[in-house]
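When the chains are written out, they are named A, B, C and D in that same order, and each has its own residue count from 1.
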Amino acid sequence: MDTKIGLEVHFQLNTGKLFCRCPVEQTQDEMFRFRRKLHISASELGNIDAAASYESMRSRSFEYIVADNSCLVEMDEEPPKSPNRLALATAIAVSRSLGCDVMDHITYMRKIVIDGSNTTGFQRTAIVGINGRIETSRGPVRISTVCLEEDAARKIEEKNNVVVYSLDRLGIPLIEISTEPDIVDEEHAVEVARSIGYLVISTGNARRAVDAVRQDVNFSMGYGRVEIKGVSKLAQIRDVIRYERERQENLRIAVDTIRSRGGIDRSSFKLKDVSDFFSNTKSKIIRNGLESGRIFASLLKNMAGTLKNGKLRMGKEIADLVRSYGIKGVMHSDELPGYGLTAEEVETVYRSLGKSENDAVLLIVMDPARVSFIENAIFDRIQKIMSMDLSETRGPSGDETVFLRPMPGKDRMYPETDVPVIEVGADLAAMASSIRPRTYGEVVQDLVKTYGISKQNAEYIASEMILDLFQRMAQLIDAREAARMITQIIPDLERKTGKVLDQDKILRLCQRSKEMQLDRYQLEKALEILYEKNSVEAALSDSRIRELSRQELEDLISDILNTRGDATRNAIIALIRERTDRVFDPRMAMECFNEVKNRR
Amino acid sequence: MDTKIGLEVHFQLNTGKLFCRCPVEQTQDEMFRFRRKLHISASELGNIDAAASYESMRSRSFEYIVADNSCLVEMDEEPPKSPNRLALATAIAVSRSLGCDVMDHITYMRKIVIDGSNTTGFQRTAIVGINGRIETSRGPVRISTVCLEEDAARKIEEKNNVVVYSLDRLGIPLIEISTEPDIVDEEHAVEVARSIGYLVISTGNARRAVDAVRQDVNFSMGYGRVEIKGVSKLAQIRDVIRYERERQENLRIAVDTIRSRGGIDRSSFKLKDVSDFFSNTKSKIIRNGLESGRIFASLLKNMAGTLKNGKLRMGKEIADLVRSYGIKGVMHSDELPGYGLTAEEVETVYRSLGKSENDAVLLIVMDPARVSFIENAIFDRIQKIMSMDLSETRGPSGDETVFLRPMPGKDRMYPETDVPVIEVGADLAAMASSIRPRTYGEVVQDLVKTYGISKQNAEYIASEMILDLFQRMAQLIDAREAARMITQIIPDLERKTGKVLDQDKILRLCQRSKEMQLDRYQLEKALEILYEKNSVEAALSDSRIRELSRQELEDLISDILNTRGDATRNAIIALIRERTDRVFDPRMAMECFNEVKNRR
Amino acid sequence: MERALLRYRNSVISGLIINEANGVITVKSSNGYNMTFDKSEVEFIERKREEYADHRKIEAIEKGQGEKRISVLATGGTIASRVDYETGAVSPVSDPELIFGGSDILTRFTVAVKPVMNEFSENLKPADWIRIGEIVARESSDSDGVVVAHGTDTMSYTSSALAFMFEAMRVPIIFVGSQRSSDRPSSDSRENMEAAINFAGTDIGEVAISMHGTTSDGRISLLRAVRSRKMHTSRRDAFESIGLPPIADYDGIVKFMGSYRKVSEEMKFSPKLDERVSLIYFHPGLNADDFENMISGKHAVVIMGTGLGHTARDLIPVIKNASANGTYVIMTSQCIYGSTGLNVYSTGRELLAAGAIEAGNMVPEVAFVKAMYLLGQYPHEQFRDLFRTNMRGEILDRDVPEETLRISR
Amino acid sequence: MERALLRYRNSVISGLIINEANGVITVKSSNGYNMTFDKSEVEFIERKREEYADHRKIEAIEKGQGEKRISVLATGGTIASRVDYETGAVSPVSDPELIFGGSDILTRFTVAVKPVMNEFSENLKPADWIRIGEIVARESSDSDGVVVAHGTDTMSYTSSALAFMFEAMRVPIIFVGSQRSSDRPSSDSRENMEAAINFAGTDIGEVAISMHGTTSDGRISLLRAVRSRKMHTSRRDAFESIGLPPIADYDGIVKFMGSYRKVSEEMKFSPKLDERVSLIYFHPGLNADDFENMISGKHAVVIMGTGLGHTARDLIPVIKNASANGTYVIMTSQCIYGSTGLNVYSTGRELLAAGAIEAGNMVPEVAFVKAMYLLGQYPHEQFRDLFRTNMRGEILDRDVPEETLRISR
């Protein structure tokens, strides 16, 4: 069956929040906190929303940190104000540029979301445009909808049964652009995401921040639709699609293997308390587990060698599910003995379960109260995989994906009666017309012409959607130097340190560097230190950005030549770097080398 | 000239507060605090109120502790409510019993008080009766007025320029009965205070608490009127009058002495900074003083030997004044050398001031900023004394009196417009008629008849105005035992420990003693421990109130007889007491003594 | 209901027609979104009628296994309503299961839900107060507690009216509302109602209101009706008892915070109200003629004056006249907090002289309801005395500072 | 004034006759106490007339050595009055020395006190607002700041009116009142006035109110007039700016707490108000006829509705009719806190359809004043737009939770 890929691309806007007049950015820390629960009665959910009932089952409570860019609207303590008009106009402009039929009335809906990320228990969303398309190198990709929604609260932490969210992000306007599953492979997906990106970001109304753009990837290769939520970088789109294809192919193999042995059955899957077998164990994981719970084990009929064996990873499918309920200690026979367990202990358990050669065994450390619930959940998941229905919601994790929750049913939506239907009148249409999204080609051409940077750099800037950052940086430092920082130095530093810095911080460094008249070597060193220390002022006051004087260079070179008389002109720069972490002008170092050499 | 003594007797009522519906007693600690200042413009005070301007000069701020028996009225945050009707009726009943002309309308006034003891800056007061009299053994004493006022806030502490008050007492109704200066001596004053006391306390509406009755004594022997404020016990009236008479007589002698030498003059009284003379002093008081201030000295022309010399104590007159401004370090030549000063140091100062034999010298440790003010204040006081105008407000201090502030001028009073004039109608008159104040004789007769106690004890109870305490105690323990406790044991304990316990505490002890069926020895011991530990439960759980059993007594007596074979029947009780602090029945001890003796 | 297939520009949309009026049509499309179009912009490809069940009817229902039987009377308002997901129409909730599913309420109580009316509370009239009172009286004879689900807008008025009409009650009468409708996952209705039922299971002999104590879930406060006021348009903790801490809190268990009246052996219910009372907001520029018109024909008027309870001097003759003609004129303050004090300024003293009655610290809306009750129930000559007499806790003896009230929580 | 010697029962009393009316006589006796008697109970031994200076007149006076000149306009009210100790009569204060003696105000400022009127603020009419505005405008030409001493009862109304009439101002316009009269040692007038003069010495180009921030002395808050409301009948900290922290605090120095409008080069003063506006308190039982009468003849009415801004359904036709006939009907909420929200419930939507204008989070009294100003100053066709436009800070962009406001202090 063909691979079908669809994207939902989300862009935060910097226009101010959607349903109140709070700013998009916060300036102060926590003001105070409050706590809520969300309620949804079983009968209402009915058979409709497995994802919602999964959340409901967890019966968590939610603690909200009130940020200074939030008001009673984010607290769900007053009705929404009328939607931000610039956000509406931006969504209309984007819809138009995607060739959509733009709605003549915009009607807000409530989409039920009960993971606490919306204080209301729903997300407000409206269709602005429908039925558009975007041209790509592999033919047109259809755009089903362009929506203007409110972003959710930002999750801070989860402890026990309390999830903590900050309200700073809640209510930021989010343009959501959904494609039909017309995308043919991962490279194509990246191209589509990028093309859509140009259009939105070039309006100038998209927010610049680490998580301001997020993609959901819908993937299907005949085993049901998998939705991978919250992919934040373009390159990651490629990675997760590749990973997901492999995962599904490998599951096909595993399932075929199990089926060929006779498959699984419910009656043989029973979690039994086997704690007694471990009363003298030296396994840390088991001993810790016994302090707060018990050890349960079950046969996994015919599943030996499918749990963790080369590319076969059925074990991870089970562990991901169990982990999503907050249970960590999962072990299975493909990796046993291990975890400090002896072969004897393992064998005792195997025997007690009547394990035969083809069977696998699962071990879980958990609270006895939840056994029957977890047993059902695990078997349901195995059975679903065995039927090769792999549909579910997953999330990116590095270049892999992990189980998040069952695929939600059709969204539970009802009208947002607090927000009157908005007629797209002449003024809104005119405001939209003043916003001009541009394509990739237009953006690249512009950059080369305006800033005199290389086409290659311009393409990088355009394709990484960092146009705005570049333009702002080019106002502070030489445009070509800005291009170099953006295309080479920053990506290098991000790779080396594993950190992503806030763009505002980098811009502030450039601003201060301009004020302090640093040269490019100093600026680059300061940037390097910024990644280390995370503080602009700390970076700028670091001794390492004090440049080596000609005299200091000459002394250093003399010193080097004293110990390494053979040092060549080519090697000298590296040798100086070995001896100091302060900056210097390599050209001047060469000159000094020559001079010192000559003097000898 | 004749001695003239007048009294103002104040009784707190237990009827609930006067201008709001808060209870008289508080049940919880501090709720919160607030701060205020009081303002009175100089031009308003004019030459009228020296006491008020004295307070104003101190420009203090006031911190109020809000008690749970206070509301917005005590905070001066809302107008007064109508006056408590039972309090009004009680004041009317008392006025009637004093033969007053009772007002047919009661008109509330505001009397300016700016020491912070009233949050409003004034005390609300109204005349209820005028022109009464009370018969005494020395003839009738005229009653000028019976007023019903609000009590002031209770002073907690004074730190720097902040005076802290609790609002618990503010607003408690206070009946003030003022006599004309018809009282001839201290014994008569006590008789009058006692006679008035019976009348008020026998209404049953007077508050029982340590400071619920307070007397002001007006005293004059021809040298101006001295008002001694806040004498709380009857016996103290006697003491302070005696002290005051002696003080004035001695001042007369001192003044005559000084006059005979030529008197004082302003020009010779100048506080000079003499700190430099003490740069190497070993005097602690001076060395400490120099850390925060300077040392000042002045000649006191012709005053040698009047400052502290036998009964002459002019020095105390000066020190009391200075101390009232918060300055402590006052020394004078009648006591120098002393305070660790050497004769040499003292002499150097004397020489520098040109002291001759008849002159005295004053030394003060103080803040230089206040010198000129203090210099004036001291000289004014000396000059006033020299003219034998001794009028001022003083306070009791043990059996002495101390300077408090200048005598206030005529009270600054204006109408309390927030409280409408109260017509004494038929209902109020009827309520007053149901309250029957009784005289001393009536009370004594009643006690003897009702409780079968001795006339002597009844007289004590009546004259100490502890009728209510006695009646309540007699409901808990045998009436004669109660009388004994009240007339002997408690006064003994108060004398021994220097403590006065809350009556409620003593009553609670009696109540618990009844529940625990303690005998009189145990109760008396428990009372003794209560004075020591201040806690009823601690007293009752103390091992000392466990009574010695017959066996224990016999063992103890054997023991005594082993070392002191000569112990007599008469001495044995004292000998037992030496060896144990537990209680025992002396009668049983005698029996045991006889038995042990017989057995030997 | 009609299902339609329609063309809008280049798109074809299928869905249920939700609304069609004023030249505009709204369709619930198959993706769940409502879409609204100018009718002139769409072309119908197909329309067909479809059956649709109407859930708006509500019937009495009783559920639960608890020993204590609590009657829940639904009168309308946010708490009793939910939005139909399909149509967006608002319909009343009747099944307790919908509200209590998952909690232990139905194991601890037997809950009987009865529809009384279905009105937004701003539409209720004094006659409705009587009707609700009568049903409460009837229910209280075979229940252990009565809960009245009510719109929040005028809940203080209705509950105060019941507080006066019930001079004595056999069972607690607890009003409950919500500020977020029951169909929202974030609704406060569930916790408010759970608390109300628990409050209704106690021995409190007062009419009181069960609403959120703070913006957080988890603590529901019980407020004395005759001191209550809605002090915020939209927050969950909009209700406050003016100058008085809550009678009790519920956070899983009922915790009494202060003294309260206990239930009586016998009920005493006096359902008479005189509707010829009005509530007038004094403001600068209110002229004597307009004022006279407002008073005319009334048996009592409650004026929300300024400050300590004042009006402009030129209205005083009107008050004097009205008062002389048997109309009771009551002064309250638009400040909301604090007491009137007509003895402080000459304006106040002139108002007293003109016959005005001061409401002290009575909440203005409660003074208004009390006037209706006194006029309906007692001889007119007792009006002045009774008005100044604390009958149901509507007058506070003491004006305790808010700082102390906060500490007392 | 008369001095009398009289006999009451067995007593003889001498004093000044303070009052003699209704069969009752009050004498200030020589011991300072006033004594009141039934005239039938007393017998005059002697009465004689005595000269007594009347201090009630007030004249303009200027004092102080400071560079900045502040005009203090006295309009009456508690802050400007003191009781005569002798007679108990209330008279205005004119001499700044009486207020500032002992403080450093007169060394830092030159203070010019001018009497404008001597009225309790409840008696002020819109015409008085104009008169005050005109004098403020005049004073502002040769002062560095103007302070208006005003009764607290309607200070929010008057100051809001000035805020609208002064579209731009050259100098700060600071209103100041007091809750305890100046003759009391505990009066808040002295600190409020000291702060007001200091606020008037800044560059704030707004009309604002200087009153106690808490019950304690020592911190005076400056509140934006068009958000202010008197929220307590008697406390010192009665004034509050609804939903907004104070602009500034004074505790010896002025500390600005947030952003504020600065003074302009030029003054723009537009003193026209349309008085045909009224403020109506909706309540259950308000019937359509009465309501129609109240509206009749008005150019605008501000209704204090329930909750999010509602009235009973049966009043909506009246509103629709009035609106159709050119009367602007504005919905505010009697809740005081929070915003109206007419899109939430059908009642609100019907009100909007009937032509009602929602006031959002505008304070009801301010909405009332704004309507007068707009009708007086602008063409009617601009009314709706301007009413919803934030002109002087009267509309808050954001409804920030009170918890955050408290932290922002």
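Keep in mind that, in the parts below, a residue touches a chain if its C-beta (ideal position, glycine included) is under 8 Å from a C-beta of that chain, and two chains touch if they have at least 3 such contacts.
Everything quoted here is computed from the prediction, not taken from an experiment.
Considering every other chain in turn, the ones in contact with both chain B and chain C prove to be D. A straight line joining the Cα centres of chain B and chain D is 47 Å long.
Chain C and chain D have Cα centroids lying 32 Å from one another. With centres taken as mean Cα positions, chain D sits 57 Å from chain A. Across the assembly, chain D contributes residues 215, 233-235, 308, 338-339, 341, 401, 403 that each touch 2 or more other chains.
Those residues of chain A in touch with two or more other chains are numbered 72, 75, 77-79, 417. Under the stated contact rule, the graph of chain-to-chain touches falls outside the line, ring, star and complete shapes. By the touch rule above, chain B contacts chain C in their complex via residues 20-22, 31-32, 66, 68, 71-73, 75, 77-79, 417-420. On chain D, the positions that touch chain B within their shared complex are 8-11, 13, 18, 24, 26, 31-38, 41, 83-86, 88, 95, 97-99, 101-102, 180, 183-187, 190-191, 214-218, 233-236.
Residues of chain A that touch chain C in their complex: 34-44, 59, 61, 72, 75-79, 101, 103-107, 109-112, 114, 119-122, 125-127, 130-131, 145, 410-415, 417, 421. Those residues of chain D that touch chain C in the complex are listed here as 90, 120-126, 129, 151-154, 157-158, 215, 230-235, 238, 275, 277-286, 290, 293-294, 304-314, 333-341, 345-347, 365, 368, 372, 401, 403. By the touch criterion given at the top, residues 308, 338-339, 341, 343-344, 349, 397-401, 403-404, 407 of chain C touch chain B in their complex.
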